[in-house]
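What follows is a set of structures to go through.
Two complexes are shown next, each including subunit A; its partner changes from subunit B in the first to subunit C in the second.
Now for the complex of A and B:
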């Protein structure tokens, strides 16, 4: 990520302070290398969407929404709905995102999230099974549009967006579509959506994304944008409950030794367990709040 | 197809051919052919950065990957791969000594003539040969290889058909003589052990591919001396 280009300049002293703190396992805000900032989750923040969530990690704030549309399934995958995922960065988050300024970052975040959440070509490793979006095989399905929005950027956008999308998917209610018996589905389908019934998406397989940022010889989680400006490279790993890796993206120019990458993967896998538990309890609390 | 694949497992790699000097107008260029995948890359510069660019005391790298309309079985499908340009950039930037051309820009333009699978790895490898041909200072050549995961099997250097059925894929770009990874992406579901296995497989293939690329450059240099 070209964080360095839109970073506010740091003095040599500040840079030294950040790097020295990381080397001594005491970061500028008092955290240890593998400690996250407090995470706040709020679900159901967008009434127009079928599922939505807002996640705050320190000064980083992101919103994710899931919107479902009736559509005709792709002939090559008749029993599945289409899932698409995009991220945009609002200019309200900072002047560097104005106009086309956010294009590069948005595209990079979108691709990284697609890689982490949508799985391989055959659908293996996807966050959820898109066959739960099917209504009538080969005729009618829901298409899911997952949108992420960066409201405020202070580093670690990918992990925050991953968490927000996970919360939004848990929050998603899929309306039960009643297709009248004998209705022709070849033309404009006549579907009864009046029932208040909804189903949920099975979200047990949704991974969390852990980004390890390498500063000097050490890696840190949940880097702030100041810390990100000092990184040599970063590896984002998405890991599910079974601790299997569902996607990986490397950022930053510097090359990495293969053994370091493998070590980073195992550290990420270890950290993911804590993050997963923390996030699950936050989301459950947010869901309970919303229902009251 | 399984039998054929086994046969290829043994010979491992589709036939790889690199040639430099494909485009006369460019500072450096290369043509690569690995199996059915055919790619041409031109390098322009270092030349003056665009006026709108901010001052930079290191050089800039500008990458663009495009497909011909006839590259894919269905016409114009190649435009699906919008992220390739930025992935090419990330794979190369760690290898180029950007300090060696301050204030200027090097443009790398890649064109996929025929898409036959493993397109991005071929583009990355070819681009690094083209950069070397243009005389841009680099720490090392960048060789790139991908593996597909099909069921329980790992398939190195997948062809288009294998890519369309894959459960997951792993792509590594590395600098073979420095043993450094410049870019790594993984999709699909993997266990740590499988990643380890796939990475070792790829790195081994990268060093072999690096040798082929190096010998191509040597040949070109010898030919120009004569």
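Now for the complex of A and C:
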């Protein structure tokens, strides 16, 4: 948390103003406690990637890209491609991310996103089924590398990254690999990628991440960095379309009563529905825009 | 390998003396003091400027001029092949240094003693000419931050393949192994502040290639002027003048 504390630098009056506003359900920028900032999505922003998206929420801006590489599947999971996820924070987001300064926050965000989207070692509860990346069972598959980049940071990075990754996955086109009949796949595989055909990843199960930040006795969604500096703790819940919880992370120092956590989860699940609808329509619009 | 076909068209459909499409936007990173996105074809970079502000590390403080610092970073998804590289490898350290020196030459550092200016450049997508794109983006970001400068530095690269001088090399042409000349100029003062070349080239042809790159820089400078003017008009409009 030290990074965020240093970043903001608020006077006692400003702190009081932020806390008072949240208590009265009217935040410093005029939002209610459970209102998001306007979300803006653009897809296909990185031409070299197989899928990419940029998400802006207020002054927070993140980019996600999905890159596919031909590889050999893990012997323990022969019918599945490997999926890995990394986040880095660009120094453009602030001087404190210069050099190695971003490592701690990058690792924290990477692990939280892995927990929310990749669904543990077994792959159960993952955002999408990695068996759609398999080309030849046990011999050849696509490895998906999901990268997140924080370009500008103004709070709520996790939700924004989750949204950007969702948009990038929807934007991803998996090339159809034609393996010549009778080709030996034990050495360097000889794969025909010349066809222009592509398939899509089934993204219907990709969850959205809702972070509830507890300030005083209340919790808010989509906190700005000023509000985040006043938080006692935050709970990030990832929820899919069926309203199932796919992952959960609690951050921040203060302890929470178990009943409060359950209440936060039910609020998050309620909010997630609005966010999911908003995001889906934004992504659909961005995709339609890109194809024009 | 044929990089320019008999009709004089390059692999991406350009003429030898044609530049890629330029696009620039100012003020893209909301929290920075100045920021810009600069695109040259598929190459896309973001620059953010923080400062002038108090020097963070007192031992680096200069009593007669501002301290200019620069960090260049390239995420692992920006290139064609994906590779994991740690921050601060040799190539990015060298580019950081090049950008810092080029920008330092045009910032009026003596007006801001005992202060620090940070320039952060982030490549989003690399397709040749990242060095030039970074310098152009940094210039725009510095202008957006309102930092006093002698002139706007602009940069462009040129090469020589199939006995033809080519302007603004793409990654495909850059990796052909031919010479790649990167030039940075102060367009109003007509001075060269950056000149780099790899591979070898006869002196008379080198002159032509540098001349071509300089012309490219001037074209970039014109574009940057337009963008800044447009931005200033917008600001003026918002103030209701």
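Everything that follows uses one rule, which is that the second predicted complex is superposed on the first by the 287 of 292 C-alpha atoms of A that agree within 3 Å, B and C clash if a C-alpha of one lies under 4 Å from a C-alpha of the other, contacts with A are read in each partner's own complex, and residues count from 1 in each chain.
Basically, contacts are C-beta pairs under 8 Å (C-beta built on N, C-alpha and C of every residue); 3 or more make two chains touch, one makes a residue touch a chain.
Worth saying up front: this structure is predicted, and the values here are computed from it rather than measured.
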Superposition on subunit A - do subunit B and subunit C clash or fit: fit
Degrees between the directions from subunit A toward subunit B and toward subunit C, using C-alpha centres, nearest 10: 120
If you stack the two complexes on chain A, which partner ends up touching A:100: first (subunit B), second (subunit C), both, or neither? second
Should A:91 be classified as contacting the first partner (subunit B), the second (subunit C), both, or neither? second
What is the contact status of A:176 with respect to subunit B (first) and subunit C (second): first, second, both, or neither? neither
Quick check for you: in the superposed arrangement, does A:61 touch first (subunit B), second (subunit C), both or neither? second
Output check: A:269 vs subunit B and subunit C. Expected answer is one of first, second, both, neither. What do you get? first
On the A-aligned overlay, A:153 touches which partner chain: subunit B = first, subunit C = second, or both, or neither? second
Between subunit B and subunit C, whom does A:288 touch in the aligned arrangement: first, second, both, or neither? neither
Touching A:47 in the superposition: subunit B (first), subunit C (second), both, neither? second
Check the superposed model and tell me the shortest C-alpha distance between subunit B and subunit C, rounded to whole Å. 11
Residues of subunit A that sit at the subunit B interface in one complex and at the subunit C interface in the other, please. none
Using the touch rule from the top, collect the residues of subunit A that touch subunit C in their complex. 45-49, 52, 58-59, 61, 63, 65, 67, 69, 86, 88, 90-95, 98-100, 145, 147, 149, 151-154
Give the list of subunit C residues in touch with subunit A in this complex. 28-32, 35, 42, 44, 46-48, 50, 56, 71, 73, 75-80, 82, 87-88, 118, 120-122, 124-127
What does subunit B use to touch subunit A in their complex? 82-83, 86, 90, 93-95, 139, 149, 163-169, 174-175, 178-192, 195-196, 199-200, 203
Applying the document's contact rule, which stretches of subunit A touch subunit B when the two form their complex? 104, 107-108, 111, 115, 119-122, 124-125, 233, 235, 240, 244-251, 253-258, 261-262, 265-266, 269
